[in-house]
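Structures are listed in the sections that come next.
Next come two complexes built around chain A: one with chain B, the other with chain C.
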Partner chain A sequence: MRKVGLLLLGLGFAAAALVAIAGRAAAQGPSPSDDEVNAVAKQLYCPVCENIPLDVCPTQACAQWRDTIRLKLSEGWSEKQIKDYFVEQYGARVLATPPAEGLNWLVYVLPPAAFLVGAFLLFRALRSWRHAAAAAPAAPAAQVANDDPYVRRLEDELKRGA
Partner chain B sequence: MTDGQGETAQPASPKRNFGIVLVWVAVLGLLAIVGVGLIRTQQGPAGVGSKPNPFTLRAFDGVEYNTAELVGQVVVINFWASWCKPCEQEAAELEQAYQQFKDQGVVFLGVNYVDTEPEARAYLERFGITYPNGPDLGTRISQAFRIRGVPETYILGPDGRLAHVKIGPYTSLGEIAEAIQAAQAP
Partner chain C sequence: MLANVGFFTIVVTFLVALYGAGAAAYGTLRRRPALVDSARHAMLLTWPLLSVASGCLIGLLVSGAYDIAYVASTTSSAMPLYLKITSWWGGQAGSLLFWSWLMAAFATAASARNWERDREFLPWVIVVTMITLAFFLSLVVFFENPFARLWMTVDGQQLKALFQPAGAVPLFPADGNGLNPLLRHPGMVIHPPMLYLGFVSFVIPFAFAMAALITRRTDDRWIRITRRWTLVAWLFLSLGLILGGRWAYDVLGWGGYWGWDPVEIAAFMPWLTGTAFLHSVVVQEKRGILKHWNMVLIILTYSLVIFGTFLTRSGVLSSVHSFAQSAIGPMFFAFIGLTFVISLSVLISRWSDLKGDNQLDSMFSREALFTLNNLLFMGILVVCFWGVIFPLISEIFTGQKVTVGPVFYERATGPLWAGLLLLMGVAPLSVYGRTSWNNLGRAAWKPMAISLVVPLAVVLLGVQNVAAVLGYWLVGLVVAVVAYEFWRGVLARRKLHGEHLLVALGRLAGRNRRRYGGYIIHLGVVVMALGIIGIEIYQTETQGTLARGEQLTLGRYVMTYDALSVFDTADGKSVARAVVTVYKDGRNVGELYPRRDYFYASQQPMTIPGVRSTLEDDFYVILVDWQPIGTQGATFKVYHNPLVNFVWGGGLIFILGTLVAAWPERDPESARRRVPARAGAARA
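Up next, the complex of A and B:
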């Protein structure tokens, strides 16, 4: 009887330990894959190396930052939370896409505005060239007609006749 | 009004003039922004005699240090990173200098530049550094000093002005001591 009691107690402890381990594993979640880490990393730039995305940066520091992303993903952080964390730590310059605030608005507004203005100016220029080409052959004839007194008399006669 | 060939010249409309002015204003505005950016990048690090804006450093142990409250003391501000090999050359000497001068009211602050906390803490433990160190959140402190890399050390005199700037690692304890003593001198 006593042995049965000890056996049951042992089984109870073992079951409790298994539940604790399983619970902890569930809280951490499975380890994120390299693709999941790089999906976030490619939206960030190495804070030290110029213009190198974090997913392809070969330095040890970049490997540490990718490990930070992996850790945050395994803790259930969202992509936005991770990017906000990196901005808080290292500044907005780590973002591959600058935030649309302050002077950064110019990056989003100026290129399409410049394209539209350029297209409009090109349209105006083409139209004026086309009109100039159509009017050019008629100009000398009209000038001759205005200068010649006989042609002027003829036109006047024709108008009176009409 | 006619020009030389007898053609009648069209006077420029107010609308067209306004458009031209608008385009020139936009172009000049862009050039001004580019110019300001270029001037900033060419400025170089904060120089001796300048007075950097006060900042607050939150150390890894949670204690905050505000340089505005340290006026009247010599403050040694060292920028470093765990991934920085040259920083390792001066780490031990900086700790020795801290031990030598801490009782004279000299404050040492280590600013951890674009690093990760676990590696930064491991670096501090590896070199036995005991003076306050904290992360440069958002790189605001390093931008205020316009640092170009690490390690760089800036020593504020009692008046809050920069008394000494060192780009690169110190080569000896004597070099650090000399810089601090010069900053202490009235």
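Up next, the complex of A and C:
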């Protein structure tokens, strides 16, 4: 009876080990394609070859990074996990745009803010000029409309022809 | 000997430039014409002197004088003659000398011809150009001497100095390192000079603007004098940018032509302010308003020109373009700061002199639309400037470097570009002065209606991307408006003179070059826009490792890998060259030879794509990797770039339009007649 019990236990362990091995094999899956690797690499920049996205960088170091991505993908890591991994290892500079946190908010906020301020100033300037113009005696508008004599003649001719 | 003569000449030129600036300023302020004349002669001396210095450098480069550090670092005996000559601007020190040489040439050209006519401006033009020249020469004299020799000290250290340091022995390398391989491309031979020509020629309008402010001649005279200079500067800058794009597409091997790299942006920023300036000076000429703004724009352009050179030359941002790094950064920084503050102070001190001659009569007038155009250009400038300097700011304040990549620029500037295209469609139909929404609507509805055919057609053809449909509509609108404008003009000429249509077309553009040249430029821009929409929205790519005879498929294309050979060449590189056959829709369309060159001396790889180019699209193959001979496998990355050739075609139209606009008037009488009488009246 004890022998049967031991046998069963042994079988149980063996089965568990098999399941575990099979599970790992399933997690690794087939090797990810180059396009899958590049889809992630495209969004990363290595600290040495600045401004060259990782998917097209010809250096040896970048080829190794791509191999790392391939390995992580084959281990079932998600795109976000892989990016986080590189950020942890090398800092936020590996990302194509700064993460929107802390001082980095300025990257995203300042240009639209500056544009709005510019638009507001321009609108105010245009309005004040127009009010001043309305108050002032009328300028010779027709003459101003086309002060190039040649073009004026063209326009006149067109009007007469129409 | 040549080296000593070259360096000595540069030192003399530096002193002459300093004297010229000082004598011109002092002579004008103290009313001593003899001193001003002397300053003028000093200025006229700079270009011949720098030509001698440059001649010495070229002589050394061509003769392979490798004891000169610059010659050893930029040339090698295997390089062809033309590359040895172009090494003049291929490295840091030489390019600073080249910049100075151009500055001296342009200062001479700007003041040689019309000394009598512009007598009151020219002393101040000499001051500004000679200060700029002296600054660049000071960098050459004190920091980056292209004539420094190589020496070896007793403890085995290598030194760079013109004269023998104590205890050092001269070094005579048998060969040089050669020019950076990425720069050994015909496009690279002309790309930097074009950019520099553009940069340096923008100094001239700035110098005249400063002269106008200082002498209180604040009407549009300075603008009229420098109109052609500005257009020529803009032409060269545009050419430089387009050639740079083409170079990137051909040799950098990443399937694109514009990567929003900080140094690309460095050249792009003065182009943005320059373009805004070209539009807004027209408003000042026609209506006598925006005088302050034009001054601000030209000051910004000048500062950005120096800033651009600083970014490229100081190594402050390391990027694909920053081949050179040196200790000149702080000098540049101080110079940019000083000139910016001084120019703005001069502007503020003359603020009340710049009051407009007219008021704005309508929100729908052409001048109002031009100010909107300026707002959009400034918006793009802010995005570019901020994107370039933010990594530095982040590094200074948090110690953390960040990357601001293409995604940021594309998203932030996309809507602004669309706004500019819309204005390009509407503004040509507007008129100056008093007008109304109804007038604008009446002028615009016909081309607007015609242009709607385009989005309808592309939607029916299956285009679903909203941005693409909007983009194509805007392109259609601009084309319709330009065609409409030409058509109206040609019809009127035919009626007036009974000319044949083609004759009428030629004469129409000939008589009003700036207006019709401008329309041709707009046409070039939208043709480029077609290409940009094509590649930005519809580019596809794939990568695969193939054994011989295997295939890779991308859309309608199939590529088979036929062969690979790896061999050494005489000029010191190892070349891996693949042969692939390309099929489109099952039909053989030819072989391509993507390559990877490895330069032993500089330990640098260079990826040269194989490209099948048609009007419709490019099939662009990069050799990414290959296995040792036994296995015969190779990895290829393949791009399908739809419509990309429209970018280059549009670029050609763009340049053609600029040439039309900048071409000198045939009849000086008619040019004089066109000068508005109001300018004189305003002063009276």
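Note that in this section the second predicted complex is superposed on the first by the 112 of 162 C-alpha atoms of A that agree within 3 Å, B and C clash if a C-alpha of one lies under 4 Å from a C-alpha of the other, contacts with A are read in each partner's own complex, and residues count from 1 in each chain.
To be clear about the criterion, contacts are C-beta pairs under 8 Å (C-beta built on N, C-alpha and C of every residue); 3 or more make two chains touch, one makes a residue touch a chain.
None of the values given here were measured: they were computed from a predicted structure.
A.B. asks: Have a look at where A:Y90 lands relative to chain B and chain C in the superposition and call it first, second, both or neither.
C.D. replies: Touch partner of A:Y90: chain B, not chain C.
A.B. asks: Give one of first, second, both or neither to describe whether A:P32 is in contact with chain B, with chain C, with both, or with none.
C.D. replies: The answer is neither, since A:P32 touches no partner chain.
A.B. asks: Just checking: does A:Q64 make contact with chain B only, chain C only, both, or neither of them? Give me first, second, both or neither.
C.D. replies: The answer is first: A:Q64 touches chain B but not chain C.
A.B. asks: Does chain B (first) or chain C (second) touch A:L103, or do both, or does neither?
C.D. replies: A:L103 contacts both chain B and chain C.
A.B. asks: Looking at chain A, which partner touches more of its residues: chain C or chain B?
C.D. replies: It is C that touches the greater number of chain A residues.
A.B. asks: Once the structures are superposed on A, label A:V56 by its partner contacts, choosing first (chain B), second (chain C), both or neither.
C.D. replies: Touch status of A:V56: second partner only.
A.B. asks: Using the superposition on chain A as set up above, list the residues of chain A that contact both chain B and chain C.
C.D. replies: Looking at chain A, the two contact sets intersect at 47, 59, 91, 93, 103, 106, 110.
A.B. asks: List the residues on chain B that touch chain A in their complex, please.
C.D. replies: Residues 6, 23, 30, 33, 81, 83, 114-116, 119, 135, 137-140, 143 of chain B touch chain A in their complex.
A.B. asks: For chain A, which residues are in contact with chain C within the complex?
C.D. replies: Touching chain C: residues 33-35, 38, 45, 47, 50-53, 55-56, 58-59, 63, 91-98, 102-104, 106-107, 110-112, 114-115, 118-119, 122, 126, 129-130, 132-133, 136, 138-139, 141-142, 144-151, 153-155, 157-158, 161 of chain A.
A.B. asks: What part of chain C is in contact with chain A in the complex they form?
C.D. replies: Per the touch definition, chain C meets chain A at residues 253-255, 259, 261-262, 286-287, 289, 317-320, 356, 358-363, 368, 371-372, 375, 378-379, 382-383, 386-387, 390-391, 393-394, 397-398, 400-408, 412, 416, 431-435, 488-489, 491-493, 495-496, 511-512, 515, 541-545, 596, 605-607, 622, 624-625, 635, 637, 673-674, 676.
A.B. asks: Which of the residues in chain A end up touching chain B in this complex?
C.D. replies: Per the touch definition, chain A meets chain B at residues 47-48, 59-61, 64-65, 67-68, 87-91, 93, 103, 106, 110, 117, 143.
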